[in-house]
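Chain lettering (A, B and C) follows the sequence in which the chains are written, and residue indices restart at 1 in each chain.
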């Protein structure tokens, strides 16, 4: 898990404080066992507390998995294929890992909070071979079918990641009825290349325009990061474009920096979103 | 704790899916200390998530205990005597440990969920000597007596287990006002004998017929299990009879199998209950 | 954490049982990491179950901290300065650490339960040097300012502790708008002196009389403890005075005893409060 805290500034027109201290504390509780045949079984709960959202730490729904010979199958609160695509979040900045321009749309993911519906069922599989990772997942928002609600369709997703020669990363993913919402089909593709040993450039594209109620249009993001000669300071930035009609501007961008403390990192970032609002953050994150 | 998952089929006449994936994840959080005099103090919380029932993992009420010279005394969310009788659940089958014929009635047990009433108090004692284990327990559903409700009587229970020569197991238990419900007195007796090194036969009887609102009649179950020559495959079965008037049939039965993976097990079972409905399951369980 | 259980007797005029079994189970979940520069980052959740109050174990809000060179800074669910003053609770007796005479007033502390408001923010600092410990803390009951309620003022508190020659302990603390309540300013000072190697005498004074809605007047407490020659039995007592008008008596007192089991302790205490009601307890507490 990890802990992180710091200050986030949101430009807004309401009475809310624009600058607030935002912290998160996440602890994973893992358990595992191995059989005589070399098959590994394991399980995870997570406890997470998000300042301003939770009045106490929250347990989530459990995940169970079995691993053997490079194949992992998960049941329960699974890591979905689409959400696990290697580069989907590659343009996030700073100690909070935030970005405001690349709108991935709505889909299921490993849920750090409680389920919305106790009847939710997830199954996922991951297979790794020779630099490639294949993922597939299935989420039924309510396997009991005891009630009907918006978002009770079954979600399927696929993802593939490939790394070539330790320099080029490729990532693609597809989801149908994302988040259980009818017609919410999303396609993602991304690539990142290490132009130098300490510099990478990437390009992401997501087609989240569809006939569903959660259509967020198509987005493209160009991003990169550069590590200074000290080997500890990492400068990163992105510029993104989205084609929705109600954007005040079609371009968003962000710039950030991380300083590696070895076990922890200091970070800061500054963004402008499609509503032309500015947000910035500065904080520290430590992993344990 | 343990994790288990798989598929359960329930024959039913409603709109619910008859076949569903059912998983459970249980983790016990134990802490203990020893005094200079050799007395052990300990405590337990449990986190449990049951698919279809819980939208996230649930903490239960705490148990505290002290152990010395074979005597254990528990306070709080205790293992009650009746529920702990050695053979009470001996006819359960498969990876889910299910059975449908031996109706034990209603009584308090160690509660994996939250209490129904924060004022619940449990005290239990266990004493082991020379192959015999004696248990006694007391549960007051609300020691504050600040409100009155159905099931607020005090429950007392006793149980004794005895193993003779590692071949014969005997078990008996008695509870008054089980689950705090007036007049709900239940008596149980069971025996199991190892007819061969790899085969056992048992007979259980429970008198849960009484004048209470949770009367489930008298049940008898004949059960046994047989381990194949591979030493890993265990075949098990039971046939049970219950004398309630509203049964469609008075006989229920089940057959199951478990395959030991060493640290985990695969299991399956098939049952027919007193409503002549069939239920079956197949799954995997791993302990950690 | 720790577990404790036993019996508490409360003299009262209601229908409630005057004698009840009261247990608590507390487990702290800690995680920490160190950076290459020797800075320690850490975090804590707590699971706590209080009999009669909680129907299951409760998680609290998270605390994050960073420590370096004797300075600790906490964010989130912090240990406030006033609540951490070294002698503030020094007259508590028995295995339950109870006292009824020294009325400290209302202020924020590390919260073992869920927050009342998810927007609560705490920041605290502690610095230790040469036998002295300085503390400062700040709690904003709702940093989002999205609603207004009684107790939404910002609380500031300061505390200093000093130990001289391992014999004399001095402690002072001040809080403004304690518990976020307007005008609730409280001042505390205390001293304890080891008159012999096995005997200590202390004097505490708290001025919690103010114009707020939680005014509890001024209290003074004289207290001491004496360890018998066995080195295990500790006798302790206090006498306290409070100047509120609605007291039936202005004097309260208590006497208690603890017996050290090494890793656990047995304790008992007897008190009479300002309403002339008697309360007593006897129990065991074990730490792990």
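Methods note: a contact is a pair of C-beta atoms (placed from the backbone, for glycine too) under 8 Å apart; a residue touches a chain by one contact, two chains touch by 3 or more.
Remember, it's a predicted structure, so these values are computed and weren't measured experimentally.
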item: Degree value of the rotation bringing subunit A onto subunit B, based on Cα positions, nearest 5; value: 120
item: Subunit C against subunit B, contact positions shared by both copies (same if over half, else different); value: different
item: Gap in Å, rounded to a whole number, between the CA centres of subunit C and subunit B; value: 42
item: Subunit A residues counted as touching two or more neighbouring chains; value: 58-59
item: For the subunit B and subunit A complex, residues of the former touching the latter; value: 1, 3-5, 15-17, 20-21, 23-25, 27, 47, 49, 51-59, 261-264, 284, 286-288
item: Subunit B to subunit C touching residues, read off their complex; value: 29, 31-37, 39, 41-43, 45, 58-64, 66, 75-76, 113-121, 123, 143-146
